[in-house]
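This structure is in C-alpha cells; I'll ask about it shortly.
Each chain gets a letter, A, B and C, in the order it is written, and its residues are counted from 1.
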Amino acid sequence: MITMDYDVAVIGAGVVGCAIARELSRYRLDVALIDAAEDVAMGASHANSAIVHAGYDCVPGTLMARLNVHGNELYDRWCQELNVPLKRIGTLVIAFGEADEAELKNLLELGEKNGVPGLKIISGDEARAMEPMLSQDVTAALYAPTGAITCPYEMTIACAENARHNGVKWMMNSPVTSIERRGDALHVTAGVYHLRAKYVVNAAGVHADEVARLIGDESFTIKPRKGEYMLLDRTAASLQKVIFQTPSKMGKGVLVSPTVDGNSFAGPTAVDIADKEDTSVTSASIDELSRLALKSTPSLNLRGVITSFAGVRAQPSTGDFIIRPSEIDPRMIFASGICSPGLSSAPAIAEEIASILKEEGLPLNRKPFFDAERQPIRAFRHMTDEEKKAAINESPLYGRVICRCETITEAEIVEAIRRGARSLDGVKRRTRAGMGRCQGGFCGPRVMEILSRELDIPMEALTKFGGGSNLLVGKTREDGKNK
Amino acid sequence: METREMTCIICPMGCALRVTRDGDTITVTGNTCKRGEKYGIQEMTMPMRTVTTSVTCRGGDRPLVSVKTKDQVPKEKIAEVLEACREASVQAPVRVGDVILADAAGAGSDVVATCNADAV
Amino acid sequence: MSCMVDVAIVGGGPAGLAAALAAKEAKPEAKVLVIERDKKLGGILRQCIHNGFGLHYFGEELTGPEYAQRFIDRVEKTDIEVWTDTMVLDVSQKREITCVNTELGLQKVEAGAVVLAMGCRERTRGALNIPGTRPAGVYTAGCAQRLVNMEGFMPGKEIVILGSGDIGLIMARRMTWEGAKVKLVAEIMPYSSGLNRNIVQCLVDNDIPLKFNHTVTAVNGRERVESVTVSEVDPATRRPIPGTEETIPCDTLLLSVGLIPENELSLAAGIQMDRVTSGAVVDETRQTSVPGVFACGNVLHVHDLVDNVSAEATLAGAAAARYAIDGPKATEWYAVKAENGVRYTAPQKLSKGASGKAELFFRVGNPVKNAAVEARCGDKVLARRKKNIMTPGEMEKIEIDLAEVQGEVVVTLV
C-alpha cells in the first residue's frame, strides 16, 4: 500500500465537505476529498429541502445563526462562479390565526437579531398576492426576501468538480476505518488508500461521531433525524414562493416549495430514527405530508406525485453546529453536526474551517492560478434552436435524446460519466436523466448501455448507486454457448 | 375418475369449468357455450401451447432473435423446447419465418424466427 | 434547414405505421414522413415477443415483432419517408415539428397534417407512492421486458409482481421461463384487468399465485430489494388493512400498474385533453382540437388489443392525408357523452354533417354482466348492443350511423 502525504484530508463528500475542499483548493495545499460512498452528494446533500434559508429561525449567537446568514450572502457569488442554479424567490412563513401570528413576531425578532435583511410581516392577502396558491385561511405571513432555492446535489457536485479542477484528489468508495495519531501526521486508512494528513476535517455527516471516535473523541454524538419528501411533476403546481408553516421543536416544519427545475415538493417530516442509513418512507408520513401540504396550498395536485424520498439529518447532541478543533487532537477539525441550515451555511462553514486551519498552524498561501469557475454540463433542453444546432454540429451525440421526459441527450450523459458518474443515480443527479415522470423506465436501460460502453464494464456490474445496488443479476443466455 | 377445475379462456366470460374424465368419457360442466366444452376436453386430454422465446444471435444488429413454435406443442413439452432454444444460436441475417430449430425437442413443431436481424 | 411534407407522423410504432400506410393509400400523391425515436420501427411491439396479436386484423395469431414487421414491410414498399433515432421536441399549433437526430441535427418540418402516435408509458412506483426504501431491483414490467427480451439480461431471480394487467401476467410467465421464481402477483382490485387467457396460460400454467385485494405496502432492502411487504386491502376503500402484512423475500419488484398516454407534445401544442383517457379529445376522424393535428393509438387512449390500434390509426392516417391535400372539412361538432357505467368514449365528438358508419370505443367503469349498451341521440336510439359480460379491462365498441346524428350523443349502459 502506498502512503500519500496530504496537508488536509476532508472526510465526507457532502455539500459541507465539498465546499470545504473547494475553499481549500484556493491555497497551495494538497487536499484529499474522501467518502465511503461511490460518489459525492450521497447522503443528506441529495435529499433535503434545497433551500438557502434567510436565517430568521436560528437562536441568536449560535454558529447556526451566524453561518446561515453569512452563508446566504455568499451563495450569489458561489453559485455564479460554479454555475449552480439559485433563485432568490423569497420565503413565507404562514400563520393560521393568532397563535401562529405571535410566532411570526417571535421569528421576526430573532431574524432581526441575526441580521437577516428585509424581513417583514405581511397580511394574508398580501401573501396570497405573492403566492396565489396559498390557502384562504392564511391570516398573515413572515416574508423573507433573501430566502432562495438551489439544487443541493448540483451545488455539491459543482464544489467537488471545482475542487478537483484546482487540484483536490477525489477518493470515493473509501470508508475511513482508522485514524492513527502519530507525531508526524494523522495516518488515515480509507479503503485502498493510506494517507499521512497534517490535518483531517471531519465532515462525515451522520457518521461524524464515529469518525471522531477513531481518535478517541467522544465529545458529541450525532442523532439521525429522517426527513421524508414527496416530489411533484411540473404539471402539478407552479409555486412562486417557498411556503413554511410555523416551526416546531423538531424543525422548520413541513413546507411546500418549487424546485429550480420547475417541479414542486412537500416535506420534510422529522422523525428521530436509530439507523443512520434508514431512508425509507412510511405511508403514515406520506399521508401526513399530504395533509399538511394541502393545508398550506389546497390546490396542490397531489396526483402529480412522481416520487417520494427521504434524507437523514445529522442532528448534533450539542444543539449547534460543531465547528472547532478536537480537544483530543487539534489536528482533527470538526465540521460536524451540520443539520439544517447546513446547505445554506456550507460556503460560510468552508471559510470558517479555512480560518481554523490557519489558526491551528496551516499556512494558507493563495494559488496564483486558482480558477473559481466551474462549467456546468450544457443542458440541451435549455438551449435555443441555434444553440442546439451548433451543439449537434460540434458533438452529434447532442442529437440523440436518451431521457424523453427531461430531454437529456447522450452527449450530456457521456459528459456526466467523464466527470465522475459511475452509476444510474450518478448520471441522474448530474443530468436529470431518469428524474422525470417515467422515473427511468424508458431511459434506464439506455443509460446503462452508455455507462457500460463508456466505462468499459459489463452491464451486470452496473449499479444504481454503488455498493451492492446491482441492477441486473445476469444474462438470459450464455454468449455463444452453442457455436 | 379424474376431475379438474379450470377457467375457460375462450371469451371474457371466463366460465368456471368442471371437467371430469371417467374412462373414455369426458364431461364438461359449468360452460355456457359449445366452445367451452371443446376447450375443456382439449385441456383435459392434450393441452397445447405456443412457446415464444428468444435465441442468441451471432453477427447481427441485435443480441437476440425472438422465436416461436410454428405450431402449438404439448404443454408438458414447454420446458424442453425452452431449453433447446436456450442452447441454440443463429447467425445473422435472419428473416421472420426462418426455421431456427426443426422439430425442437421432438415436440412436433419447428421453432421459427419472429423478427428480422441484419448482419453487421 | 426546413422541410415540407403533407403528413408527418410522430411515432413509428403500430399506430404510426398504420397511419402512414393509410395516409398513403388515401392520397398516393401525399408526401408522408414517419419520425421514430428508437433506432428501429415497431415501437413497443418489438419487445412483446409473446403471441396473441393480430387475430382480428390479420385473422391469425402473431407475436408482437411479427405484427410490427408486416407493417414495416408494407411501409418499405412505398415512398413513405422514415426518420429513425429522431426525437420530436415540439409540435406547434401551425403544425411545425421540431426534431433532432445525430445526422440532420435540429430539423424543422412543416406538415400539412400531423398524426400524433407517441404511445404510452408505464405508471411508476413514485406515482403509486409505495412506501419503503429505494433500492435497486424495482422495475416497471415493460422495462424488465425490454431488458429480458431484447437485451438478454435478467433483472432478478426472485420476483414479486404488483398488478395483474396483461404486461404483468406476460412478464410473470417470461421471468419463469427464463429461470426466475415468480413468488406472487398482487392485484389491488378484486378482479384482474388482464385477459383470462393470460391468467390461465401465464399464471395457472406456471403455478404462480395471484392475490386479489392485495397490494405492496413497503419495499425493503438497502442496496438491492430484499423483500416486499404485501397487505390485504379493504375492497371498498382500497386502503391496506392493518395486521394483514406479509413479508415476501425477493430481489425484484415488477410493476404493472397501468399505462399513461405520453402526451407531453400534445399538451405543449395546446390540444384539448380528456381527463379520463389522459389523451386528446378527438372526433370520428381522430382530429384533435388543433386543426390538422390527429391522434391515434395509445397516445389517444390506452388500448388492450393492437388490432384496434391499427384500425384507429387507419382512420386517423387517411383523414390526415385528406386534410393535407383537400383541406379542412368539419368546423362544428356534436359532443359524445359517457354516462351510467360507461367511463369514457373515443371519439368524444362527432363532426356535424358527417356520413357513414363510426365505431365508438368505450370502457365500462366496473365489471357488468348481462347488460346492454346504447348510443342515443336525444330520444332516438342510434345503436344497442347486448353483452354477457363487460369488464374495465376490455375495450368495447358500438357502431352508429353518422347520418343519424343530429345532436349530442350519449353512450350509456341500460
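In the analysis below, a contact is a pair of C-beta atoms (placed from the backbone, for glycine too) under 8 Å apart; a residue touches a chain by one contact, two chains touch by 3 or more.
Here the structure is a predicted model, which means the values were calculated and not measured.
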>> With centres defined from CA atoms, tell me which chain sits nearest the overall protein centre.
In response: C
> When the contacting C-beta pairs are counted for B-C and for A-C, which pair yields the higher total?
Replying inline: A-C
>> Between chain A and chain B, what distance separates the C-alpha centroids? Give it in angstrom.
In response: 53
>> Could you work out how far the Cα centre of chain B sits from that of chain C, in whole Å?
In response: 26
> Once you find the CA centre of chain A and the CA centre of chain C, what distance in Å lies between them?
Replying inline: 38
> Where in chain C do residues touch two or more other chains at once?
Replying inline: 151-152
> Which residues does chain B have that touch at least 2 chains other than itself?
Replying inline: 54, 56, 64
>> If a residue has to touch 2 or more other chains to count, which residues of chain A qualify?
In response: 476-477
>> Residue numbers of chain B touching chain A in their complex, please.
In response: 54-56, 58, 64, 86-89
> Where on chain B does chain C make contact in their complex?
Replying inline: 6-9, 11-14, 32, 49-50, 52-54, 56, 62-64, 66, 68, 75, 78, 82, 96, 114-116
> How about chain A: which of its residues touch chain B in the complex?
Replying inline: 476-483
> Once bound in the complex, which stretches of chain C touch chain A?
Replying inline: 1, 37, 85, 87, 89, 98, 100-106, 121-122, 124-127, 129, 131-137, 139-140, 142-143, 146-148, 151-157, 178-179, 217-218, 220, 222-224, 240, 251, 260, 262, 264, 267
>> Per the contact definition, I'd like the list of chain A residues that touch chain C in the complex.
In response: 230-231, 235, 277, 279-283, 285-286, 305-309, 385, 388-389, 392-393, 396-401, 404-405, 407, 437-442, 444-445, 449, 459-460, 463-465, 467-477
